[in-house]
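Next come two complexes built around subunit A: one with subunit B, the other with subunit C.
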Partner chain A sequence: MIIAERKPFAEIKAMVAPYKKILIVGCGTCVAVCLAGGEKEVGLLASQLKLALGLEDKRLEIGEITVERQCDLEFIKPLCDFTADYEAIVSMACGAGVQFLKQLCYLQPIFPGVNTSFIGVNEAAGYYTERCRACNNCYLGVTGGICPVTMCPKGLLNGPCGGTVNGYCEVNPEKECAWSKIYHRLELEGRLENIKEILPLRPHQRCATPGVVIHPAYKRRYGTDE
Partner chain B sequence: MSKLRETLEAGKFALVAEVKPPKGTALDEMLAPVKSLGDRVAAFGVPDNEHARMRLSALAAGRLVQEAGGEALLHLTCRDRNRLALESDLLGAAVLGLENLLCVSGDYVTLGDHPQAKAVYDADSVQLLQIVRGLMAGRDSVGLELSGSPAFFPGAVVIPEAEPLAPQLLKFEKKMAAGAQFFVTAPVFDLEKFRRFRQGLPAQSVKLLATVKILSPEEVTLATSGQWRRVYSIPEKLVQELAAAGPEEFLGRGAEVAGRLLKAIKAEKLADGVYLKAQGRADLMEKVLEAAGF
Partner chain C sequence: MEYTQQLLEETGLGRGRLEMFEIAASDAPKWVAAVQEMTRRVEELGPNPLGRGRRLQGAAVEQLEDMVAQ
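Moving on, here comes the complex of A and B:
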């Protein structure tokens, strides 16, 4: 899932300072799971803003709403009429959700309430770690289910760098070296042959931005059928 | 053919001394070893933004070393350039007369003095060696033909005390397969460990330059405090010997130790040469050579 962190309160407060009536829109999927932008976090931000501005004798009217997914038209379309009453919107979704919501609600300024961090996993309560860089050219079948692009800070494809110390990473001494792990995983599986061949340079054009994926069954509909 | 290549291929002991490109444009200190050591070394190593700290371009520094009468061993890091920049800098190196290359991945940016910079690593060191080989064969990395192809003597790095060693050896073999003609090791202080590594190498015939380094006072403090976290170890006896030296005699003592190591590596034929890291200082290099009986 997408992992995000709530933006610092002062930054959000400064962004909405020019407005008298704002809508905070939460997202009920990834950012809700990682406790950054779901319904609870929308409520928390609204209370914080009211309290802080109240102390300064300022008034801010705040609407709160959370949709299932801001990255899905089906869920944000019904928001259109609702948002018309507000001067500005704070979206607590990931960067994709913020932009998609803005595409629909183009009349008001929109502000992000979170910083989108990465694609990752929920290791334990409140503890999230990155697993995928969305490189659009998955190597996991070759590298024993451990991603060299993501788990090695240098994204090296052909083995460890020279900075590994006792199996730990040069960049973050608390993390195991991805290539030590890949090697041992493949050794256990009897598949070391996998990484003896030199992997060629990465095809970076596959992750040129902004990416587009059209499901094969829909190619005709979107006029991309060959 | 470069002097370094000629020396190694002739089976003679090759000495490479590392110069230090300045953080700025003052060149005297960087070029001092070239003037004072002259023909006593086969080449001068020219680091490329070493430890991810911004310094004078290695390409420019390498050329200046050659103009001063030395031969350069140009380091080329994958950290700071994408494949286009690597390839065009390689062609640039060739036309400026730089033949010896050390292809490295490069320390990560957050460890250096520009921690917010974007790390590139478009190629890794194995792929960079392949790029070098391709250019030598007259093709760039996408297979387009070159008008005039460069001549290089490409080398790479190996870490004798890597832990675990097996993944490091896997990469070592890939570097050989990609065209590395010689290897420079991480610093060697423990000759017994280095001996074992040399004996266990899958390719016995590979040309190896063992790095001999003069430690800084900060490094010795780190080693005595138990905070040492490097890819090489220092025997306790050596740490104590260096730690016992006063501030004035510290570097002199370090040079003596380096001289002893250099002498032993040559006498025992533990390597085909030595890569000397003496903080880029001509006076220290002279002391090391004197202590080694060169």
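Moving on, here comes the complex of A and C:
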């Protein structure tokens, strides 16, 4: 899932300072799971803003709403009429959600309420780690389920490099060497010969931005049928 | 708890107004110490800055007096 962190309160407060009536829109999927931008966090931010501005004798009218996913037209379309009453919007979704919502609600300024961090996993309560760089060319099948692009600070496709020290990385001696882990994983699986396979240069053209993916079943609809 | 205190600090109310104490039902002295600690803190911090001289009025005062009398 997408991992995000809520922006510092002072930054959000400064962004909404010129407005009298704002809408905070939460996202009920990834950012809700990582406790950054779900329904509860929308409520927290609204309360914080009301309290902080109350201390300064200012008044801010705040609307709160959380949709299932801000990256899905189906869920944000109904928001269009609803947002018309507000001077500005704070979106608590990831960067994709903020941009998609703005595409629809183009009249008001939109502000991000979170910083989008990475694609990662929920290792333990409140503890998230990165696992995927979305490089559009997955090597996990030959690397024992450990991504060298993400887990190796150098992103080496053929490793380990000369900087491995007793299974730890020279870039960050506190981190285990990804390629050392790949070696042991493959050894355990009985397919150590995989490590001898020289992977070709990473096809960087496949990670050109902005990326577009069209499902094969929809190619004719979007005019890309070959 | 610490997170909530941080949220209060960010808003400008200060983290000191909120605290959690773990007290067993039979531990009266600990309860007294906790109340005294919070009283001391609130006296030090002063009235709620959001209250700004708001006082209980009318029915609310009577209700409070009834509760105290009970």
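Everything that follows uses one rule, which is that the second predicted complex is superposed on the first by the 226 of 226 C-alpha atoms of A that agree within 3 Å, B and C clash if a C-alpha of one lies under 4 Å from a C-alpha of the other, contacts with A are read in each partner's own complex, and residues count from 1 in each chain.
Throughout what follows, contacts are C-beta pairs under 8 Å (C-beta built on N, C-alpha and C of every residue); 3 or more make two chains touch, one makes a residue touch a chain.
Quick caveat: nothing in here was measured; it's all calculated off a predicted structure.
*Asks:* For A:48, decide between first (touching subunit B), second (touching subunit C), both and neither.
*Replies:* In the superposition, A:48 contacts subunit C only.
*Asks:* Just checking: does A:162 make contact with subunit B only, subunit C only, both, or neither of them? Give me first, second, both or neither.
*Replies:* Touch status of A:162: first partner only.
*Asks:* Return first, second, both or neither, reflecting whether A:183 touches subunit B, subunit C, both chains, or no partner chain.
*Replies:* In the superposition, A:183 contacts subunit B only.
*Asks:* Would you sort A:204 into first (subunit B), second (subunit C), both or neither based on which partner it touches?
*Replies:* first
*Asks:* Contact-wise, after the overlay, does A:171 reach subunit B, subunit C, both or neither (first, second, both, neither)?
*Replies:* A:171 contacts subunit B only, not subunit C.
*Asks:* By residue count, which of the two partners contacts subunit A more extensively, subunit B or subunit C?
*Replies:* Per-residue touch count on subunit A favours B.
*Asks:* Would you check which partner chain A:196 touches, where first means subunit B only, second means subunit C only, and both and neither mean what they say?
*Replies:* first
*Asks:* Across the two complexes, find the residues of subunit A that touch subunit B and also touch subunit C.
*Replies:* none
*Asks:* Once bound in the complex, which stretches of subunit B touch subunit A?
*Replies:* Listed in rising order, the residues are 79, 83, 104-105, 107-108, 110-111, 119, 121-127, 130, 141, 157-159, 162-164, 166-168, 170-171, 173-174, 177-178, 186, 229-231.
*Asks:* Name, in rising order, each residue of subunit A that touches subunit B in their complex.
*Replies:* By the definition above, subunit A touches subunit B via 153-167, 170-171, 173, 177, 179-180, 182-184, 187, 192, 195-196, 198-202, 204.
*Asks:* Given the complex with subunit A, which residues does subunit C contribute to the contact?
*Replies:* Listed in rising order, the residues of subunit C that touch subunit A are 7, 10-13, 49-50.
*Asks:* Show which residues of subunit A lie in contact with subunit C when the two form their complex.
*Replies:* 8-10, 44, 48, 51-52, 54-55
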